[in-house]
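What follows is a group of structures, each given as structure tokens.
Note that subunit A is present in both complexes that follow, paired respectively with subunit B and with subunit C.
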Partner chain A sequence: MTVTTAWVLWLLSGMVFILSTRNPLYLLITILMFYWLGLKFEKERKGGQWIKLNLRFMLTIVGLSGLINMLFAHTGKTVLFDLPNGWPLIGGAVTLESIVYGAINGLVIGALYLLFNIFNKALSVKQITRLIPRAFHPIATMVTISLTFFPSIQQRIREIREAQLIRGNPMKKVADWLPILIPLLVSSLEDAFLLSESMTSRGFHTHSIRKYSSLYLVLLIISAFAVFAGWIFGLYDYPKLLSIGLYILAALVVIIIFVVSGRGNPSKSYKQEAWHLGDKIASMSFSLALMTTLALLFMDNGPTFSYSPYPVIAFPQLHWTGIVLSLIPGIPLLIQKND
Partner chain B sequence: MKRNLSGIFTNLIIFVLGFLSLAAPFVLPQARNSGAHNASFPIMISLIIGLCLIIVFYEIQISIIDNKMIAFLGVLIAINAAIRFLENAIPGPAGFSPTFFLIILIGYTFGGRMGFLMGAMTMFVSALITGGVGPWLPGQMITAGWVGQSSVLVKWIVRSFNWSDKPGEVVLLSVFGAVWGLLYGAIMNLWFWPFLGAASGQSWLQNAGFLENVGRYSTYYLATSLVWDIARSVGNVLTLAFLTRPVIKVFHRFKIRFSFQVSGEKS
Partner chain C sequence: MINLTDLSFSYPGSTSPVLHEVNLHIPPGTLTLVTGASGSGKSTFLRCLNGLVPHFTGGQISGSITVGEVDPITSGPETMATRVGFVFQEPEAQFVFDVVEDEIAFSLENAGLARDEIDSRISSICKFLHLNSIRTKPIHQISGGEKQRVAVASALVNHPQVLVLDEPTSQLDPHSANELLRYVVSLKEKLGLTVLLAEHRLERLLPFTDLMIHLQSDGQCLIGPPEEILQELDLVPPIITVARRLHIKPLPLSIETFPRIVIPETMVPTLEKKDWKPQTSDGGLDVQNFSVTLEKSLVIDHISFKLNPGEIIALLGPNGVGKTTLLRAMMGLIPFEGNLVLKGQPIKENTLSMMIQAVGYLPQNPNDLLFAETVLDELEVTLQNHGLEKSHTELVQFLTHFGLPNHQDDYPRDLSVGERQRTALASITVHDPDFILLDEPTRGLDYENKARLVQLFQKWRDQNKGILVVTHDVEFAALLADRVIILEQGKVRFSGNPQEAFHHFPGYRTQTAQIFPDSPWITPEDLPFR
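Moving on, here comes the complex of A and B:
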């Protein structure tokens, strides 16, 4: 699976599902899928090392989260031991439920971290940069310039540092940065000046986007307020249709503005991404998973993915929808096999 | 003038909207009244902040950005992203980051919009380079943007008291950097604090009033983030105290050079 859109859908569906569940079993299945995927990506390099590093991270985050919650939350019925009440903040009963609650929080953070870690591995910097909408052509150009200049600036820093070290600058204090920073700033801004001159002389990016721009700006602000209002209405138990209507309206306005504003900046690509059958099936599966999770979040009587160990710890309930959704992030494994 | 006013108006609206979203747990007691709301909370916050970023970028794009600014900021962002790796070369305490002083000085010298763009895009480009794209990114971008944008306030104070090129200028910028060193961490925590909290003295409580929740958050902040943020704060003070003068001189020099205008004959 190499198509950017498919990976973006994978990310969105995975993120929404992780954030919508507190069931440790669903989270564990999803995390297992992530590790499997990560191992695939790292196979050519040092897969074992990636697994070890990320397992250590996961164990640390789950352990720390459980420990912090154990010390500061004294709710739950299964008391393990008591800390003296006189101890500020941490004094009180230490319960099994508080440890489990904290550990689940750790699983959520760990799963999110792994999700984005794999997303960053799956897509190149170029692919992520190309995700910036065409309406933001100047911003995208700025990002491209930064990424292009970055290696040469790093090289320049190394050269200036070496020169300073040869001159006997120990480079140990903040004040020692000055002989690095000023030559770096001056030489790099000279390059920026040359670049801006050549861009100007070639007529790059004139004011094409400024037509109707004030109207679009106002519409964008209204869209943001519509999303905010929809959220608030949802919180205060207004009819859900009102919130959903506002979200859809805002999304439509934003998409239309992006399309119209981006028209002046046609996208050119040296090599188009090829959509294989696997990419299409995967994209459809991720879209379906995303819509299902969102629909279940808004439904009143649907299966819930939440779980709370309070007041007494119990085995988490499982529902087939949750199991399927937690397996969805593993779809690229099936497709990669046939690549 | 019209563009300036629309810029101030837009940025004020976005600041209020972004801040209200982040401060929702304090001002909206219903923000977590059920399991479903709890789940959608961080998604909605990220979504609204993402929209705020889009609006600010759009406004900046149609008002001040031209070829010169694209090249100038593009290179400066690359420098700032590279400086992040310099902290490995010159060791500092945990939490210490040398990136904020350039963001503050750009906002201070070139104005709030440039400062915002510098802050937000530094975070974005750094995330691309280090593989750090994540749900935390919109929050990082908007907060770092606010760091640069708000440095205009220092400019106003310096102008009002005529402190340009005087020790007061560096002192004020250092204090500003110290405050933002702490504020940055405090604002970044808000993204996940209500979502992750448990029923402890440090977590968000639905039935608690505004002040009680602020107190709970303060306890959480003191216990988990303060030491880290103090290191960032001290780092900002040190970098601003030692580097402000020469860096501002360089910026002023290039500000004049980058103000060239091209006028061609109409064909």
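Moving on, here comes the complex of A and C:
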């Protein structure tokens, strides 16, 4: 699966499902899919190391979240022990349910982290920034540079740190880091200057959209005013349609600005992604999963993905819809196998 | 093609002009070599051609420039982008994207060309510069030479009439540098490009040069055929020094055009064969069966050598062979296998403090060391780190060895490239280490600054210090080395005397050795005739 749109749908469906469930079993299945995918991406290099690192992160976040909830939430019936009531904020009964509830929240955070981690692995920086509208071409380029800047800054820090270490700097106190910060800052500024020279000499931002910028500014002010007015009308007894109409007007103005200014900017991406059958099937599956999750959230009598350990801890209920939706993030595994 | 009339330029806040009433004409389809001492204004001159000066830098400019029919001063760099391709000194710092073809496509995407047109241009430039095999690779995975070719491709993909390269070979090993220059020459010949190239190491380029511009410290310049301009210069490549000594006219620019010299038998050999000193029992820095593994790949593969006091070893080898890795491991910065013995004392990975007391290390980028307010402060920081003290007079006296006594109160980063390099050297040796490891100390230095380094290193050798110098500059290494080690594929391919290394190993042969293949001479200083 290589198409950017398919991966964006994967991200959206995964994110909505993770945020909509508190069932630890669904979360664990989804997390398992993520680890499997991560292992696949890192296989050629250091898959074991990636698993170990992210497992450590997951355990830390689950443990920390469980601990914090244990100290601050004193509900639940399975009391493990009591902290003196006189202790501000944390005093009271420590329950198994509060630990489990906190740990489930940790699983949600960990799953979201893995989701974005894999999304980052699946797409190149250029593919990600290609998602930014053409009207924001300069911003997209800046984002690209920022994202590629981090690995190089890490290397610079290593080089400068080593240079200072072998000069006898013990690197123990905070003040010892000053010899790293100053060369890092100065060389980063020098590099930034050189990069901007390079970009300018290669025609970056040649086709300026400045001639329309005043008009865009006026239109943006009008749309902001429309949103504000809609909100004010919503506070009083005016018809709801009036507020909604103003919101739609503001949204339309912003979209028109994007489209028009995007056309004024001739820059374009030369790569056209090829859609294979696998990409199409996967995209449809993710779209379907996304719509199903959203529909089930608003259905009154449908299966629920929620789970609460309160007041007494119980084994989470499972429903086939939830199991299928938690397996959906693993679809790229099947497609890559066929590739 | 390019005309400059009375062009003068000063940077903002500066009273003295970098360029002063420069007049010149460069015909189309020529290769022009731009030379001059560090800080003479080579980069400024080149940046005038695409409008970066003054549009990007600010400053005062007068006179006129035309490139083709266009004036960069009035048009600005945006308009010049399609007419002048520019390759900067450090390829890494000029890349916007992390994948080769994305980087090459950058300027075409900015211009909003059609997808088919962009693809066709990328394909043809990749074919021409042999980049097809790395077209989809991440830039951090390709070699230094390939990076420079990607930079050239990115500049050429816009189909400019002029290609400008600012010291493009300064970070490349001899093989990669020659390869890049071959590509540049073929671009000139096949596409009819006008090429301007600034470079310190003239020996590589002279055979291909049609015109030479030498920028002087007063902002003026000499322009003419290289044979004429070289007559005016003091510091020149070895081939010119040898030709001058033999009174050969016109000056030959390449080994191929150098007349065959018959040397009287009585004259050869007049030089005693240089050889390394007998290895002392336990006074040196001994590298035994030394291996380094990085990311599961064996970079240094069981090598052994010993650096003795009072000895200079030149460590040569292609880009990416592991020379810097070896130095980092020797300093205990990365794990190694094998033995490292310092003056009879085995060094373990966790005994970095022992090494930094006895060994000074200059990294590739001297700027990594410099952070203090003044040159003198830099020295004091090192002394404090080592728990040592020296009086102000002693430190000023110490700076005279580096030619820096007048710069003691200057901010180190305001100094010229050569002065900054010497400040860094002073800051790593002020605690008087017994051994000094140097990683590419001549990078970006002109002949004058290199000559100063030669003197400095020879002085250190006389003070019985052991010096290991990693370099791509074979002419510099030949001037200094008592012993040469050539690393290839992580192993020692050669370890022995400089005459053998610089006479017999392709890619490492000095110009003097090529002119006199049957002699032991490797530098003009070795010649018996003056």
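As a convention for this text, the second predicted complex is superposed on the first by the 204 of 339 C-alpha atoms of A that agree within 3 Å, B and C clash if a C-alpha of one lies under 4 Å from a C-alpha of the other, contacts with A are read in each partner's own complex, and residues count from 1 in each chain.
As a working rule, contacts are C-beta pairs under 8 Å (C-beta built on N, C-alpha and C of every residue); 3 or more make two chains touch, one makes a residue touch a chain.
Just so you know, these numbers come straight off a predicted model, no measurement behind them.
In the superposition on chain A, A:Ile182 makes contact with both subunit B and subunit C. Looking at the shared chain after the overlay, A:Ile153 reaches subunit B, while subunit C stays out of its contact range. When both complexes are overlaid on chain A, the residue A:Ile166 reaches subunit C alone and has no touch with subunit B. In the overlay built on the shared chain, the residue A:Val174 is in contact with subunit B alone; subunit C does not reach it.
In the superposition on chain A, A:Val125 contacts both subunit B and subunit C. In the overlay built on the shared chain, the residue A:Ile232 is in contact with subunit B alone; subunit C does not reach it.
By the touch criterion stated above, A:Tyr270 is placed in contact with subunit C alone, subunit B being left untouched.
Of the two partner chains placed around the shared chain by superposition, neither subunit B nor subunit C is touched by A:Thr95.
In the superposed model, A:Leu195 makes contact with both subunit B and subunit C. Comparing subunit C and subunit B on the residues of subunit A they touch gives the larger count to B. Residues common to the contacts of subunit A with subunit B and with subunit C across the two structures: 125, 141, 144-145, 148, 178, 182, 186, 191, 195-197, 199-201, 204-205. Remark: subunit B residues 6, 10, 13-14, 17, 20-21, 28, 30-31, 33, 35-40, 42-44, 47-48, 51-52, 54-55, 57-59, 61-62, 65-68, 70-79, 81-83, 85-86, 89-90, 92, 98, 117, 121, 124-125, 128-129, 131-135, 192, 196, 198-203, 219, 223-224, 235, 238-239, 242-243, 246-247, 250, 254, 257-258, 260, 262 touch subunit A in the complex.
Note for the complex: subunit C touches subunit A at residues 47, 50, 52, 55-56, 77-82, 84, 86, 88, 90, 92-99, 102, 105-113, 115, 118-119, 122, 140, 154-155, 158, 295, 328, 331, 333, 352, 355-357, 359, 361, 363, 365, 367-371, 381-382, 385-386, 413, 427-428, 431. Chain contact summary for the complex, subunit A toward subunit B: residues 15-16, 19-22, 65, 68-69, 72-75, 89, 98, 101-102, 105, 108-109, 112-113, 116-117, 119-121, 125, 128-129, 135-136, 138-139, 141-150, 153-154, 157, 161, 171-178, 180-182, 184-186, 188-189, 191-193, 195-197, 199-201, 204-205, 209-210, 213-214, 216-217, 220-221, 223-225, 227-228, 231-232, 234-237, 250, 254, 261, 297-298, 304-306, 310. By the touch criterion given at the top, residues 45, 124-126, 141, 144-145, 148, 151-152, 159-160, 162-170, 178-179, 182-183, 186-187, 190-191, 194-207, 265-272 of subunit A touch subunit C in their complex.
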